[in-house]
Amino acid sequence: MKRIGVLTSGGDAPGMNAAIRGVVRTAFAHKLEVYGIFRGYTGLINDDLKPLTHRSVSNIINRGGTILKTSRCPEFMTKEGQKRAVEILQRNSIDALVVIGGDGSYRGAQILAREWHIPCVGLPGTIDNDLNGTDRTIGSDTAVETALDAIDKIKDTVNSMERIFVVEVMGHHSGYIALKSALAGGAEQVLIPEVKFDIQDICHEITEGYIRGKASWIIVVAEGAIKGMELARQITEITDLETRVVVLGHIQRGGSPTAEDRILGNRLGAAGVELLIKGVSGVAVGVLNDQVHVVDFEEALRPVTFDTKEDLRLIKLLT
Amino acid sequence: MKRIGVLTSGGDAPGMNAAIRGVVRTAFAHKLEVYGIFRGYTGLINDDLKPLTHRSVSNIINRGGTILKTSRCPEFMTKEGQKRAVEILQRNSIDALVVIGGDGSYRGAQILAREWHIPCVGLPGTIDNDLNGTDRTIGSDTAVETALDAIDKIKDTVNSMERIFVVEVMGHHSGYIALKSALAGGAEQVLIPEVKFDIQDICHEITEGYIRGKASWIIVVAEGAIKGMELARQITEITDLETRVVVLGHIQRGGSPTAEDRILGNRLGAAGVELLIKGVSGVAVGVLNDQVHVVDFEEALRPVTFDTKEDLRLIKLLT
Amino acid sequence: MKRIGVLTSGGDAPGMNAAIRGVVRTAFAHKLEVYGIFRGYTGLINDDLKPLTHRSVSNIINRGGTILKTSRCPEFMTKEGQKRAVEILQRNSIDALVVIGGDGSYRGAQILAREWHIPCVGLPGTIDNDLNGTDRTIGSDTAVETALDAIDKIKDTVNSMERIFVVEVMGHHSGYIALKSALAGGAEQVLIPEVKFDIQDICHEITEGYIRGKASWIIVVAEGAIKGMELARQITEITDLETRVVVLGHIQRGGSPTAEDRILGNRLGAAGVELLIKGVSGVAVGVLNDQVHVVDFEEALRPVTFDTKEDLRLIKLLT
Amino acid sequence: MKRIGVLTSGGDAPGMNAAIRGVVRTAFAHKLEVYGIFRGYTGLINDDLKPLTHRSVSNIINRGGTILKTSRCPEFMTKEGQKRAVEILQRNSIDALVVIGGDGSYRGAQILAREWHIPCVGLPGTIDNDLNGTDRTIGSDTAVETALDAIDKIKDTVNSMERIFVVEVMGHHSGYIALKSALAGGAEQVLIPEVKFDIQDICHEITEGYIRGKASWIIVVAEGAIKGMELARQITEITDLETRVVVLGHIQRGGSPTAEDRILGNRLGAAGVELLIKGVSGVAVGVLNDQVHVVDFEEALRPVTFDTKEDLRLIKLLT
């Protein structure tokens, strides 16, 4: 093996740059060349790649986003697209691939490894922390901090103004960001896709609280559970109380990564390259109980059995 | 004069606590007592007040919100309400009042001073920077920083993902936060209530850019110009390009105040008390060209002639 | 058991307030009363305590420091002091104690449990992450972020000015903060108390780099390895190159805690009370592999076998 | 005029990149070419320059430091050096120069304009806010925020631990950062180079406070007044009380610039180019009462009559 490629794919996540740095510098330490592939699988299909140097990854460890850019690439899901990608890899003498991203990215890497015999490892880069076989994904810690910062700011004003606030955070299928930020922020209520809820019950609780004199509420809601604007509309309709909405959106993908996300990125980037060198392929690299842990892509893509009970219990207990 | 009252009213703004500290500590330095009135004019009408000590305002200078809480109080706009307020002031032997807030709060103070002969001064506490007779209002600098931080984070992801982003910031009638944060954030476009815009033109520009290869846009919009969700919907409809929306909402009222807002709060709090001691009443205290500046409430409430041209020119010139 | 006491002791750490909140609210959920004891064991000896209410711990989850204040208390290490403490506990009908702090605090709790039969649990509150039986201590994640923020800022200027920078972080016996912040910050070198170093070697490396054109260095040093000022002096003496020093000091103890430290505080606070209710005493509560984990104080106080190798390897590999 | 050069010189300051962006984009809007000169006058002498494009300054507005790097260049103070610089400018067909920096940088530009007839304008880039003819310099607002953030963090721990803290900030001749951050941070005491102080008096005050029960002190000190370590040593010697020291150092030069510093940089960058186009030279561009203001270098280099009295009065009044 002489030359590896690295790409980021899917939604960007803070710490992806640290992972790229980990890949590049580790490869150099092992006398390998590295090509950066731009915009994920789109760049792979379009021959949009270039060699990376030691300096290419200087001063990126602290930056959000990804210097390799990213995209979603439906074309790569076709045989045509894949064939084209493999040709590009061969033409550029790229012997192996490190793919950084979420479940869609892993599916692409899985196909490349299994069906086209391209040595491939995946690194978990997604703010949703929704991949199996790893305790955490690169970017999730930073995203929680960003959501928490918003909740803290809302709290200043909620304590002054006494209203019902709805904070919508990211998470179509995963309540991770909502749950952690709600607990850490001391929010009164959290709604996540994993757990059913009844708006009538919530409104009943709010009304009861209101009668007792509790006029301030922060409700954190994952976008996949219900849209923040819609939730606020329903609460006002039922309780006749004023609500205010914050939609954090893509703010949660940006920002300088936390130490944890940077270290995770560095560590998994290094491990990914070292695994490729050892001839391992078709696996996702993660961290379990603070040890690097490897699972095949199939296992990584199984539904995550994320335990929400303890956090939900604490939120209820401590509010 | 032996005892003064202090209240915060209207939307809360970071730096209000610094202003309260300025009022309390300056009063004590002049051997005056201070009563804190809670929830603005609502607390005044409901006799919700208590003496403040030197320690009451310890360690609040760095906190968002207001320890006196705030509210909007339609009842105070009636003669009945005002009469009741004046009775409460007399019963509690409060000789003069410092009112911290925006235009609504100033209107209340104006009535108290003019019609009920209660010595009153106003301090400009509002994130919108929309009061006349002062270069800046307490809270506006922090609000701009908060909006800017959001734009910076969006920029990380916009550079990685290449999409059209709409960031809705506060400002029903004032484009201050939108304008300053858009300029400082290097946003491509800003929409403010003060300046007419044509969505067709904007979409044309976006489409032209798209053809040239420019795929990333950040559009900052003040809520009073058009709702962010609505703007995004229209852009997608016209250009057929994907958009993403962030609604910052009340986040902009929270957070630890900047040095500038704290110093402004401290300074105007001190000046307000010193003016009352000198027998001045019926005025708003501000800062012009870095000097404390006093105007009567009528003048303060005149429409602000905020110059938007230079900032708009720079945004266009530098993008 | 009807009433428990809670105190913080030793150096303060961000997240202690979250732990206090966890203790108080969990106790209330189980119909227990809680007394807050001020300034650690000093307050216990001096009868400086008062009942805490649900509201006492409102809006403290996001604050650095500890609302109970803290101190170091040599007097408590005497039999006299301990006897006095036990009398105070009995006089105030306090049936059990939650002690939040580091090794010194644990030693005090160990004595109370073992020799005076006061039911006691300890929660790990220290930025140094140097207690056995827990993966992390409350405050260490925030302290690493604070050190990292400083390194990031230094990096801006180091890239512009090209100099040798020494950043001294906390850690008399523990290199945790130094190691994690150096790795996450992309520092060139880290010196920690756990690992011997040779200044001649470091200077040789710097000089060699200088000849190759590498003019910028960031060296992170734990105060227990060598004082930053002294290190800088020696480097300049040997290499004849200019150095600049930052001494972060107690900044690392402050600041709003990270989500991780708040959740850890909440969780261990709740667990501590639930253990006391079950009749458990003489133990430190921690978290291992993301599960609450209990060890007796003796075990907790054993030297930590913190693995520094992997992080040191990564720093070397990736720089 | 067809081509201008831009350089940053002296200590770097946050917002310099915004100024560079302002220069480059404004030049392009006027169909001028721009060359970036690296490491200040050093790069000018060594022919270390290259053309800048529109994209060279993309995504730098939010970054600390300067993409052009900076240095101090004693060689440029010789006739030889200057002659060489002028030759390089001519050889590269650079018709005019924008110099961003502090007093040393202005002196260089003054010589180039006056003695060598190179059209030159200066922009105030220095954290010390110590140039005449402008209310503020680029970088000073960010530096104050950085110092304030440190004081806020110290305050968390000072409230928990009750000790005397000394925070040393930058400022060899200027007390600007110390004064503003001390006022905004609610520090008890500030020592600046502009005002004489007596350590005996300070210690007397501390001891008196200690007897009254005041055990927490934050003293902010500009490095030019007295070194923080030395001050702490003397206080401990005289009062026998423990002290703790923080030396912020170059942290104050880094970090993402505030909105104010970015807008100032943008604005002055644009103004500088527009002045050169109009044929103006030998001047420093600043902002007075929020209007762009131009003074010749001689005037800009006169000692600043920075009014410290009002801030000192407020610190004393409000503590």
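Just so it is clear, A, B, C and D label the chains in written order, and each chain counts residues from 1 on its own.
Keep in mind that, in the parts below, a residue touches a chain if its C-beta (ideal position, glycine included) is under 8 Å from a C-beta of that chain, and two chains touch if they have at least 3 such contacts.
No experiment lies behind these values; they were computed from the predicted model shown.
Q: Return the chains common to the contact lists of subunit B and subunit D.
A: Output, common partners of subunit B and subunit D: nil, no chain qualifies.
Q: If we define chain centres by averaging CA atoms, which chain lands farthest from subunit D? Would you check?
A: Centroid comparison gives A as the farthest chain from subunit D.
Q: Would you kindly tell me how far, in whole Å, the mean C-alpha position of subunit C lies from that of subunit B?
A: From the centre of subunit B to the centre of subunit C is 39 Å.
Q: In whole angstrom, what separates the CA-based centres of subunit A and subunit B?
A: Here subunit A and subunit B have centroids separated by 35 Å.
Q: Please output the residue numbers of subunit A that touch at least 2 other chains, ranges allowed.
A: Within subunit A, the residues that touch at least two other chains are 152, 155, 159.
Q: How would one label the connectivity among the chains shown: line, ring, star, complete, or other?
A: Contact pattern: a closed ring, each chain touching exactly two others.
Q: Could you run through all the chain pairs that touch each other?
A: Inter-chain contacts occur between A-B, A-C, B-D, C-D.
Q: Name, in rising order, each residue of subunit B that touches subunit D in their complex.
A: Of all residues in subunit B, those touching subunit D are 18, 21-22, 25-26, 29, 59, 61-62, 135, 141, 144-145, 148, 152, 155, 159, 180-181, 183-186, 256, 258-260, 262-263, 266-267, 270, 289-290, 310-311, 314, 317-319.
Q: Which residues of subunit A touch subunit B in their complex?
A: Interface residues on subunit A, with respect to subunit B: 8, 11-12, 14, 63-66, 69-71, 146, 150, 152-162, 165, 229, 244-255.
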